[in-house]
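Presented sequentially are two complexes of subunit A, the first with subunit B as partner and the second with subunit C.
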Partner chain A sequence: MKIRVWKSLARGVLLDAIRRKDLWVVGILGFLVVLCAGALGFFGFDGLEVFAKDLAVSVLGGFSTIVAIMVSSRGMTEEIKNRTLYPLLARPISRFDLLFGKFVGAVVATWVSFLILAAMTGIALSFFHVHFEAVTLQYLFLKMIGLTLVCAVGQTLSLVMTNSAAITTSLIVAFGSTLITRALGMGYSSAPPSMQAFFKALNAVLPQYGLFDIGSRVSYSGWGTAPLWVVGALTAYAVAYCGFMFILGWTKFNKQAI
Partner chain B sequence: MVKAALPIAFAGLGIATYFTDAVMTELQPVETPAGLEAHETNAGASLLGQFRTNFSSWLWLRTDLYLHNGVEMRVLSDSEMKAGQSGVGTGDKKHWDDESKLVTVIPPKERDFRGIFGDIERATSAFKEMKGHDHNEPQKALPLFRLMTWLDPRFIPGWTIGANVLGREKNGGFDRAVAHLQEGLASNPGNVEIMGDLGVLFAGSDKREFATALTYFEPIVRKKHDLTKLSEEEADALLSAFRWTAMCYRETGRREDQVNCARYGLMFFKDDQVLERLSHVPSLLVNPNRRAKDPEPINVDSISADQDHEHAHDHDHVH
Partner chain C sequence: MDSKPKETCEVTEIKLSMEASAIAVHDLHVQYRSKKGKSVEAVQGLSFSVGRGEIVGFLGPNGAGKSSTLKALMGFVQPKAGRAYVFGLDCGSIDSRKRIGYLPEVAMYYPYLTPLETLTLYGELQGLFGSSLRKEATELLEQVGLGESLRKQNRSLSKGMLQRVGIAQSLLGSPELLILDEVTSGLDPVGRKELRNLLKQRQKQGATLFFSSHELSEVDMLCDRILLINQGKLIEERKLDTLKTDLRHFAITYSGDVILNDLADKTWSESGNLHTTFQNKELLIQGVQRVQLNGGTVIDIIAQEGSLEDYFVETIGKAAA
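Moving on, here comes the complex of A and B:
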């Protein structure tokens, strides 16, 4: 019964993404990737395989993160802003169901966008005989898990701040998390013990998006797949972090007077 | 009276302005400010220029990653140096090229406070301990040099380092390196770094074509130089050109030119030991005709070693 509700809500988010031409944008971006690869081929592609793969995973990661943030951040705020939340909640749907359905929808829309982009990029690269290894599949899987994490953070932030602020914060966290982690690492050794504890706490709280991106192992040769325990640990981490974010958002949404 | 004085005053002012302009032209010659090009006066060209400059710089950084198969390396921050970590710091620019002193961006386990997060990152990223590490073939990065010089023909390292990599190829590497540098020279006429590298290719390789090398070195060293207007890389290239020119003169038996060149170079690089040695000809005077007939090979290693110690050069990026 519940699954039907979540499914309908998720379908609504996906249709909304199509109606808003989000997927079209992704398709056009994918086409541009193919076009750029074609231009690269025109000027000579020999030896540029590593560069092409490097560029492809960077573009894939960047665009799919933006889509994830846009779709997840606007889900609830648009419902409240357009007052379509009232007829929804007038039905036998709990706030938990609404939030979870929206989250699933955002994740599905993001995954669809990501897979479209990945397919277009894959086609473009295969024109130039770029070889794909098993690590590529692992990359796709871990990236999808990572995008789920981005959606969870995006949706929760949209419940505690305005839509624009949520998008901006999500973008900063998503694209800056690795940089922040590096800065913490550099500052840790020279920091006083009290600050070291703070650095550790901050690092534990920050979403570790960078860990889900194994693009460098895909681009450069000879690295192979990551060990299975790592994939398992990352999946468990994503489930725990998404759960924590979801509970945080749900608590806020429950207290919210509508 | 006043009516008569006014035209005279204006005429005087005009003459004074004319002479002032003439004097100012001498004192302060009209020069295009460094970097002021079309891309800084036109918005569209500016955007395009910034894109190509940024993109070629990005490609330049990627070449280092190519050589290390994706492993990112960095220098230590000032606070890390103060905390007692061993390595090369941000302020020690001369040793940035000494990779044995660089650390990996992803820290090894013993330097990482993140616990399992650190373990996972090392397992999911391109990471390995880089003590005594090896490198990928520089040729793998060659297409990047081609791409960056195509995008931004004014990006000098793309030409010089690209030629260095090309020159290492066994079959036709020398010719391709020369062609690459000459293409660069066509886009950057008179550039001291490109001309210097062309000269080194001819003088330092198996070719030992000192006369050809001098056609590239001489225009550089004979110019009037203002070191304050040269970048660090250009100053290094100029010093190298002085050394090589004097060496070429020595190898071709032109000892007077050798001494003059070295002394002229010492006017700009007062403390340079190589030029100091070249500015004297003690052993040659014993038998002045010996070298002209049977030239000893140029001790390339001694020059390179001196340059490495005294002026860290970008070429060291390529191994």
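Moving on, here comes the complex of A and C:
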């Protein structure tokens, strides 16, 4: 029964994303990437395989992260703002089911757009006669797990702040993740011992998106795949972090007057 | 030490009596925190009950606490104090919501879904699935006059049409209790009549209706009973037929030298004739008989229905004073 409820809610989110043309925008962007690559390939770009791969991976990562943030951040805030939440919560479902269903919907919509864009990018790279290695599949898997994390953070932030604030914060955390982690590391090294725990805690609380991006292994051939235990550990980290974010959001939403 | 068992007994007693009712509210308090952080008590110790199969109108001026009460019944807000039960079940519980169809005050539905998809989504959340859900959703949309707009996206529908989508979704799964907030909002006269018929039909099938409205004509035509609230407090609870009887006035126009002051509500002279109003039929009959016995002529007899609007304004005014 619960799975049916989650499925219905998720389908609603996906249908909404498709009708809003979110996924179409991704498709069009992908098509433009293909066109540009085709043009570059036509004029000859032999030897620039690494550059092309690097660019493609960056574009893929950037666009899909934006989609993840947009879809997950607006889900609950729009429900509350547009008052579409009332007829939903008037049904015999718990607030947990509602949140989880919306989350699953945001994740599926993000994955679909990511895979569309990945397919488009793959076509674009074929213009450069680029060969894909096994690590590409690992990259896609980890990226999807990372995007799930982005959705969890986006949805939770949307429950504690306004839509635009949630989007801005999510964007800063997502795109500045590596930079923030590095800055916190520097802060930790230079801070007095009494303050080091603070930096450590802050770093632990922030989502480590950078860990899920193995784009460099795709760009540079010969690096090989990441060990399976690393993939497993990252998946476990993502599940735990999503759970943490979810509980945080649910705690806020469960008693919230609407 | 003694207070706890007593309280438990009281709760059990209230709950038992509430199982017989569709809705039972006891000393309900609902509090909001305003944007400035100030606490606002929207509902202040409200107590009432709605019997199974009744149609009850919930009336009050803007900001009286109607929507807050309905939201508390649905579990959208946690009451600060008091108890509310739906069919003896705690209000807002999943079990109670299984038996309720709810229409929110403002009809807003997913703009990019069609009415049929909207109802299918809500139906699935209600526990309905497959072809039977699709059939029921289509039939309901046809009943509310959206047969030709089944596959148009909600964003292209007018306010009245969205209200119809809302009404249709509230009727999904044939709920035993319909809680409708501002039910006629945005509907044209034809839509109102259709809605009235639909709701009456549901009542005949055994449903209980509890709705808030500012449309007193709808209340007049639909309700068995009304609850009037102001500033979060219940100020009147009346059966509509007795209220109408109380509001009814009788008047006669007569000529002749007859004094009816002891029977009359009001007497005045106009165009050489006397006009007198009476509070009830018995006084009217006595008045007519006296005029005839004393050689006067009764020119006209009028039975005037009292205005629900006047009653509403007057009662709210008195309560505010």
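Please note the rule applied: the second predicted complex is superposed on the first by the 257 of 258 C-alpha atoms of A that agree within 3 Å, B and C clash if a C-alpha of one lies under 4 Å from a C-alpha of the other, contacts with A are read in each partner's own complex, and residues count from 1 in each chain.
Here, a contact is a pair of C-beta atoms (placed from the backbone, for glycine too) under 8 Å apart; a residue touches a chain by one contact, two chains touch by 3 or more.
This one's a predicted model, so the numbers in the text were calculated from it and none came from an experiment.
Pick one for A:83: touches subunit B only (first), subunit C only (second), both, or neither.
In the superposed model, A:83 contacts subunit C only, not subunit B.
Which partner does A:5 contact after superposing on A: first (subunit B), second (subunit C), both, neither?
second
After superposition on the shared chain, which partner residues are touched by A:257: those of subunit B (first), subunit C (second), both, or neither?
The answer is second: A:257 touches subunit C but not subunit B.
Of the two partners subunit B and subunit C, indicate the one touching more residues belonging to subunit A.
B
Counting contacts the way the document defines them, which residues of subunit A are shared by the two interfaces, the one with subunit B and the one with subunit C?
Touching subunit B and subunit C on subunit A: no residues.
Help me check something: in the complex, which residues belonging to subunit C touch subunit A?
Result: residues 32, 71, 74-78, 94-95, 97-98, 100-102, 104, 106, 108-110, 112-113, 117, 121-122, 124-127, 129, 153, 166, 169-170 of subunit C touch subunit A.
For subunit A, which residues are in contact with subunit B within the complex?
Per the touch definition, subunit A meets subunit B at residues 43-44, 46-48, 50-51, 54, 142, 181-182, 185-190, 196, 199-200, 203, 208, 210-214, 216-217, 219-223, 226-227, 230, 233-234.
Which residues of subunit A touch subunit C in the complex?
Subunit A reaches subunit C through residues 1, 4-5, 8-9, 11-12, 15-16, 19-20, 82-84, 86-94, 255, 257-258.
Considering the complex alone, what residue numbers of subunit B touch subunit A?
It is residues 59, 62, 65-66, 69-70, 77, 79-80, 82-83, 85, 105, 107, 111-114, 116-117, 120-121, 123-126, 139-140, 142-144, 146-147, 150 of subunit B that touch subunit A.
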